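Below is one structure; the comments refer to it alone.
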Amino acid sequence: MTDQEEPNPLLICTMPFRVRYAECDPMGYLHHAHYWVYFEEVRTELLRRQGFVYRDLEAAGVLFVVHKLTCTFLRPVRYDDIVNVECRVERITHTRVDHSYAVLRGPEVCTRATSTLACVGRDGKPMVMPKELWPKP
Amino acid sequence: MTDQEEPNPLLICTMPFRVRYAECDPMGYLHHAHYWVYFEEVRTELLRRQGFVYRDLEAAGVLFVVHKLTCTFLRPVRYDDIVNVECRVERITHTRVDHSYAVLRGPEVCTRATSTLACVGRDGKPMVMPKELWPKP
Amino acid sequence: MTDQEEPNPLLICTMPFRVRYAECDPMGYLHHAHYWVYFEEVRTELLRRQGFVYRDLEAAGVLFVVHKLTCTFLRPVRYDDIVNVECRVERITHTRVDHSYAVLRGPEVCTRATSTLACVGRDGKPMVMPKELWPKP
Amino acid sequence: MTDQEEPNPLLICTMPFRVRYAECDPMGYLHHAHYWVYFEEVRTELLRRQGFVYRDLEAAGVLFVVHKLTCTFLRPVRYDDIVNVECRVERITHTRVDHSYAVLRGPEVCTRATSTLACVGRDGKPMVMPKELWPKP
């Protein structure tokens, strides 16, 4: 996203999540492992809005595995909080996709994260994505 | 197990678990959803000691799905507790297996549970278990 | 609910869930442990619609712990399925609440479950619920 | 750890984990969210071997929250695999601890990760660690 004034709406997606009791730890905070579950859901929804259902891709032998993750936790998120999780596609090649994420509670940014996914076949070996998933020139 | 004096050692299995931080809820208790994960692990270990690796069965198209569950929580289990989880085969037919479970902390019984698993094929349809899994006459 | 024609709308609650990737197991099915997380969410939402926020109750020292669970799995639920989870209050005393649950995918009943919760204080000891939570005569 | 020939054995800890069924996703791989649970367990065990029980620290109002995470997945880990998870303390200040992690399956490095934890009080505000946790000069 080099031009934040005119983002391509297909390449941003925001979803609300109410933090579940079972996702919180003895501190009463959303446990850091569960953020990745939220990120995965928003990433999948972004793909859905582009016209691709990840379940169908996987059934067709096109899998995406997580290669790299980073996350910075700025403010804790608590049980029963409603947060908006934003996902952006930052970069697509023919074999990989980079996403960035933000967890927002009202105007507060609570968390920032990034991921790199790699396209693999059912054998786990890297493959070139189907053409329809390639970035539009 | 009608005769507790001479249990068949293949049909009982006990494994220790240290309760993980991420498995505990804001009360600091092992969340009730996670007990099923422990039960599944002990049930799989019991099968392994009988000579069957569930991963291999599944690769061969022999799947076991949970059909029924019951659980009674008598005492809470807390973060960092070490509990022993016991699993017994209570009944085997050619299509189903009943197990019972107990969660023990030292001499205290904290939890009792039961499950019925059904054997299904990769299509999810009920199937007769491979003969080697049948109860010995 | 003895009279299904005129259910008390405060005592039934239904919420949709899209099954998350991380909640599914190697069979591609919603893992049986995660159903309890869904049930807990709907139960909490039912309480919210009655005017009680479980987070606030817990902050005030009124905790509800699960005492008993039963569940029957009739049809598997798969990754990316959208299911409706229904929760009903079946019985309330001054110390316990019984709920029943159903997981529906369109017209199909996939799962039926029940739970008994007990009210406890921060010390884990049983206590009488605050009067405002008592069943209306 | 500047000198790998003579590591301080208190500052490295390795624990084996058998990958649980419920931790695996529809690809049959350990889901990326669950790695953090393993890392947390080894980090806690390392602390225990230094003489500190995290449960007791937390009861005394000394909490550690995750501030930053990075992870690179080099090879997938599968259901029922036994992996060794290694954790090292890389740097301690009076308010933070940096750890690094590796997931090993036999001689293969499957995953590398890092975390920064911050010491906070029960109010979630940063605090200086108790002196006994400070790095030995």
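Each chain gets a letter, A, B, C and D, in the order it is written, and its residues are counted from 1.
Throughout what follows, contacts are C-beta pairs under 8 Å (C-beta built on N, C-alpha and C of every residue); 3 or more make two chains touch, one makes a residue touch a chain.
None of the values given here were measured: they were computed from a predicted structure.
Asks: Hey, which chain ends up farthest from chain B, C-alpha centres compared?
Replies: For chain B, the chain whose C-alpha mean is farthest off is A.
Asks: Could you work out how far the Cα centre of chain C sits from that of chain D, in whole Å?
Replies: Taking the average C-alpha coordinate of chain C and of chain D, the gap between them is 34 Å.
Asks: Any idea how many Å lie between the Cα centroids of chain B and chain C?
Replies: 24
Asks: Can you list the chain B residues in contact with two or more other chains?
Replies: Each of 21-22, 26-27, 33, 36-37, 79 in chain B touches at least two other chains.
Asks: Determine the shape of the graph in which chains are vertices and touching pairs are edges (line, ring, star, complete, other).
Replies: complete
Asks: Write out the stretch or stretches of chain B touching chain D in their complex.
Replies: Against chain D, chain B makes touches at 18, 20-23, 36-37, 40-41, 44, 53-55, 78-80.
Asks: Where on chain C does chain D make contact in their complex?
Replies: Against chain D, chain C makes touches at 21-22, 24-28, 31, 33, 79.
Asks: Quick check: in the complex, which residue numbers of chain A touch chain D?
Replies: 26-27, 29, 32-34, 36-37, 58, 63, 65-73, 76, 124
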